[in-house]
Amino acid sequence: MDLPPPRASFASDNASGAHPDVLAALAAANEGHAPAYGGDAWTARALDAFRDLFGGEVEVAFCWGGTGANLVGLQCLLAPYDAVICPDTAHIHVDECGAPERFTGAKLLDVPTADGKLRPEHVTDQLHLLGDMHHVQPRVVAITQSTEQGSLYTPDEIAALTEVAHANGMRVHLDGARIANATAALGGDVRSFTVDAGVDVLTFGGTKNGMVHGEAVVFLDAELGRMAPFVRKQAGQLPSKMRFVAAQFEALLAGDLWLHNARHANEMAQLLAKRVDGAPGVTITRPPEVNAVFATIPPAALAPLQAWSHFYVWDETTTEVRWMTSFDTTADDVERFAAGVVSLVDQHAGL
Amino acid sequence: MDLPPPRASFASDNASGAHPDVLAALAAANEGHAPAYGGDAWTARALDAFRDLFGGEVEVAFCWGGTGANLVGLQCLLAPYDAVICPDTAHIHVDECGAPERFTGAKLLDVPTADGKLRPEHVTDQLHLLGDMHHVQPRVVAITQSTEQGSLYTPDEIAALTEVAHANGMRVHLDGARIANATAALGGDVRSFTVDAGVDVLTFGGTKNGMVHGEAVVFLDAELGRMAPFVRKQAGQLPSKMRFVAAQFEALLAGDLWLHNARHANEMAQLLAKRVDGAPGVTITRPPEVNAVFATIPPAALAPLQAWSHFYVWDETTTEVRWMTSFDTTADDVERFAAGVVSLVDQHAGL
Amino acid sequence: MDLPPPRASFASDNASGAHPDVLAALAAANEGHAPAYGGDAWTARALDAFRDLFGGEVEVAFCWGGTGANLVGLQCLLAPYDAVICPDTAHIHVDECGAPERFTGAKLLDVPTADGKLRPEHVTDQLHLLGDMHHVQPRVVAITQSTEQGSLYTPDEIAALTEVAHANGMRVHLDGARIANATAALGGDVRSFTVDAGVDVLTFGGTKNGMVHGEAVVFLDAELGRMAPFVRKQAGQLPSKMRFVAAQFEALLAGDLWLHNARHANEMAQLLAKRVDGAPGVTITRPPEVNAVFATIPPAALAPLQAWSHFYVWDETTTEVRWMTSFDTTADDVERFAAGVVSLVDQHAGL
Amino acid sequence: MDLPPPRASFASDNASGAHPDVLAALAAANEGHAPAYGGDAWTARALDAFRDLFGGEVEVAFCWGGTGANLVGLQCLLAPYDAVICPDTAHIHVDECGAPERFTGAKLLDVPTADGKLRPEHVTDQLHLLGDMHHVQPRVVAITQSTEQGSLYTPDEIAALTEVAHANGMRVHLDGARIANATAALGGDVRSFTVDAGVDVLTFGGTKNGMVHGEAVVFLDAELGRMAPFVRKQAGQLPSKMRFVAAQFEALLAGDLWLHNARHANEMAQLLAKRVDGAPGVTITRPPEVNAVFATIPPAALAPLQAWSHFYVWDETTTEVRWMTSFDTTADDVERFAAGVVSLVDQHAGL
């Protein structure tokens, strides 16, 4: 194709780098010596920022990455004979190379869903396992917000899940690798679908929203995080020079940069969907709610389009593809990418 | 005490921040989009730099932190019924909250040593376990270079260990969190005590030598690293935006900055030892070989000295303390810290 | 109900006790002292009997129970980042309280099947995971023969599975808790669907076929069993006084008692199906191939029938129940149980 | 040597078979069908017998073997970042192929002792680890009664250990593979050194005291055993036909057969020690308290003596050997074995 590819990748939101303010904060934290492992001033301030955000007495553990943060959060909720109920599209089930089972010993009970979202009946369907020693014991309901399929839970939907979970002795874990995109899409109130909806533990993503590295595990029920320091260390998730993670989070939360970044990424996805919708052979399969566009494209267009600007196929049987936008995806990137899509599907639509 | 404390901490070499060149390289890597998980140009170049350093076809896995790097390296060598022979002062035994056993399932057979260094007889002492199904099977000899006690193996000492290990079906793992300090102290030839001495796998520390974050696992026998990508992912040690780790390593290896940093830290330890030696009640317990000074001090001086400038006690029964220097410890820091030590032990020596 | 319940339970084949010949062999092994852990004459003879049965140089590890035997067999095939493809009705998936994941670290990829039987396409469907470090790596295809749903693989069906497995670097594990029932049903040639069909490792059930305790793991590829002694010990599956397990197996294999027992149990299931088929509201849902009868019954009859003679519900939504026969179930037991079923469904069919 | 070897082995107390009464009880339990997994009448009666023995509301879990019973008991007390303080001669440390670490994830902190017995200072020596996230957290004090070295704790010694353990948030686990020998040696009151001394969980050995198979985990603090059914199942330690384990325990506890057996074994050890003491080059190294005799013998006598009647060397450097007696070792066995020892050491003493 003659069109130059966009400067930005639509493969994933971790193809982007760091937001300039975040990078500046990291650099500014390189100031003299400071106690390692979290005994520094940046960490103290970042913890306060999280307490301001979620209220009250939450416990927070900064970790290296998303898989690691999920491990730390889940381990604090699970005995090895327990089970986690999750959608069969969950990152913990599909994309973490079995780390959750390996680390916790527990089993994932993955259930098929239409849209990556659990419903209360998915939980009640497993209740017959409770109390029978031959079966793992459902103890955690694990959801992702926004989901791996770009869908969103409403606060009420999450509250309905936590209600059935708590009523049956279970806890709710929310994988928030893209919690910022979800919050932005839901109007900006992160408490509405977390602490107010009864979620027990969540991860708060930094990497996909403009940080160099770093994720946070937030124990909304602080008691659940009591042993988190030991869990985190044993999981290999304790950042040595923690100030560099904390300083980035401080910058991300300051002035709601996290929401600003996420809102922009979401808008770019809306724009992309609008631009490619109606192109020959292209069907938007899910109205974009956050920063992902899912669409089916003509099979023959797939390879040349990937060669021009790489992205991932979501479902090979239907040639459904996933395009992700980032905090730094520009409107120009979107226009250029959309133009390439339109041009290539045009050539291949009838094939 | 009236003396102002030094700007630098002598508690640990991870109290320091990042070297300016390393930080600049990290910032420079924040350039547009790049494939995540290592498919970027920085990672390709950093891997080449490691191949230049160690020769041939080594496999390298960049990881988040030191404990994580040890987990990845060890896991590639161990079945769960295996055992690791290590000194009872090893970081993997004492300071990793049981992560190695937890992750690998294997057992650490820790042996007391005079100076943190294993000898061949420590290995042969365990050979009676081989082949008996009631006992874990010694499979890895794990050493640290430089050791947690600030001592150094000569290349010949390591070669003697690898020889007895290999002759008995074992592999040798070298924890190189401070491999730069060791290399500098041994004259600058890192191959002499690693690949040339028969070491199979090592970790190459970045964090304690001027990086924001990042460690490398180097499989000198590349075949041992064949499954490392899966092990690393399952261990939660796969950096998402890997370019930021790689760019730092690239800067650290370029122009031998890693050796420059380490040599300086080592010299500061020498200076500190010289300055405090002979102070009342102070005895240097081990001639400093790298960037650590171990000394016994008057018990009554301990608390006030720690209150003035924090550091760790190594042995409470003898009031042996450990002072660490870093790549950015200045001569002025040393002079100021030594002055404080001399002043306080002077006050407390007779007590 | 006025009818006396049968002497035998139709709940499970482990409700039965031991065959008299097996018990006599166990008692006869109580003769003086003998080396523990398998160094005795009974174990040597029982191993020979297994080699006679499967041919050549198979390795055999006697274990305590069925879950334990599965653990030992699977562990010898798996690294912790690997995966096991199995039906979602597999005992290892449903009934072992997560022990396989806990012990091996690997993940079970469970797939829905119509009848408890894997087909080659279930394996090929997972091949896209191979080589991608974000995903567990399919390494074992796990089947049960006869299955938990009472169905049977033909030798050709198993050969087709092993072919696709081996072609893709996987191994095949056969859970043979009821291998005797399968062998009897298939005409008596156990090699036809195991060693001749390319199976790599199987468990050979003793408990459900007339033993007090004991299962065997048979490594048809002996090399795979090389480390089994260590795996077994670490799994807590090494019988201390192993002669008592071995003597029972010796008796079970002698004169084909294992096949005699299984054939009888199978026949009793046929008889039961014949007797209840056609009763009001009773539908045999699967023609009984081994020692299990699956039938739907009138919902209202379930509770009184269970109260009269306990058994398990297989599917609550359809009131499908499972009735198991044993080596010692008598025709009189069957007639009496069938009479009770007929009588009770008759009373409740219209409700 | 011309002397015929004894009928009994002095290698280990699991070289013996089953006591006739125990075997008869096992055979008598082979009566019709009974619910599996413990829902039978024999299990109910055996549980009652344990409650009679230990008082009150203890929870009991019957398991397959000694290693498995230790796994179940320990797992109920441990999180994976915890640690177990034990003597470096403990069975869990030396003889279980790393199963405790593998299963629980926790670390064993093994300490050298003079006689296989922990003292309170061994516990207090580890208290500095508490609360520091870099270190495993001491949570269990694990003792063996009688110990692997044939020594005995007095009730007061155990009470002193439980006191320091409980005062520091730890629990006490007692490996009672030979609890019968200990009880017999201490005068018959098993409560005196267990429930009355504050022990939290113990294993109660059956195999080494006349059973075919079977060990019991006794949760003296019943709350600790609440999840034991799940732990046991996941550990592969749930006996399917549990009545056969339970019936044996019922027979063993009835009429104090367990104490009778143990007392006899202890007496045979006393007799053996008396007979060989004073033979040329033979020194009894520890006065036999239970059913083990430890002695140094002339090095040159070792091989011929083992060839004549096998036993184990305890310490190769001093040619200290271990001779074990069993419930069924006869005085004639002892006399014959002692005669052989005396004869052979006589020949080799001067060499």
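We call the chains A, B, C and D, going by the order they appear; numbering starts again at 1 in every chain.
One rule holds in what follows: a contact is a pair of C-beta atoms (placed from the backbone, for glycine too) under 8 Å apart; a residue touches a chain by one contact, two chains touch by 3 or more.
Keep in mind it's a predicted model, so treat the numbers as computed, not measured.
Chain pairs B-D and A-B differ in how many C-beta pairs are in contact, and the one with more is A-B. The chain pair from A-C, C-D or B-C that repeats the A-D interface, sharing more than half of its contact pairs by residue number, is B-C.
For the pair chain B and chain C, the distance between C-alpha centroids works out to 51 Å. Taking each chain's centre as the mean of its C-alpha atoms, chain B lies 42 Å from chain D.
Rounded to whole angstrom units, the spacing between the C-alpha centres of chain A and chain B is 34. Multi-chain contact residues, meaning those touching two or more other chains, occur in chain D at positions 80-81, 96-98, 102, 105, 133-134, 230, 233-234, 238. Note for the complex: chain C touches chain B at residues 37, 75, 79-81, 105, 133-134, 137, 227, 229-234, 238. Contacts from chain D toward chain C in the complex involve residues 7-9, 11-12, 14-18, 23, 26-27, 29-36, 64-68, 71, 96-99, 102-103, 207-208, 212-213, 230, 233-241, 243-244, 310, 326.
Considering their complex, residues 80-81, 83, 94-98, 101-102, 105-108, 128, 133-136, 316 of chain B touch chain D.
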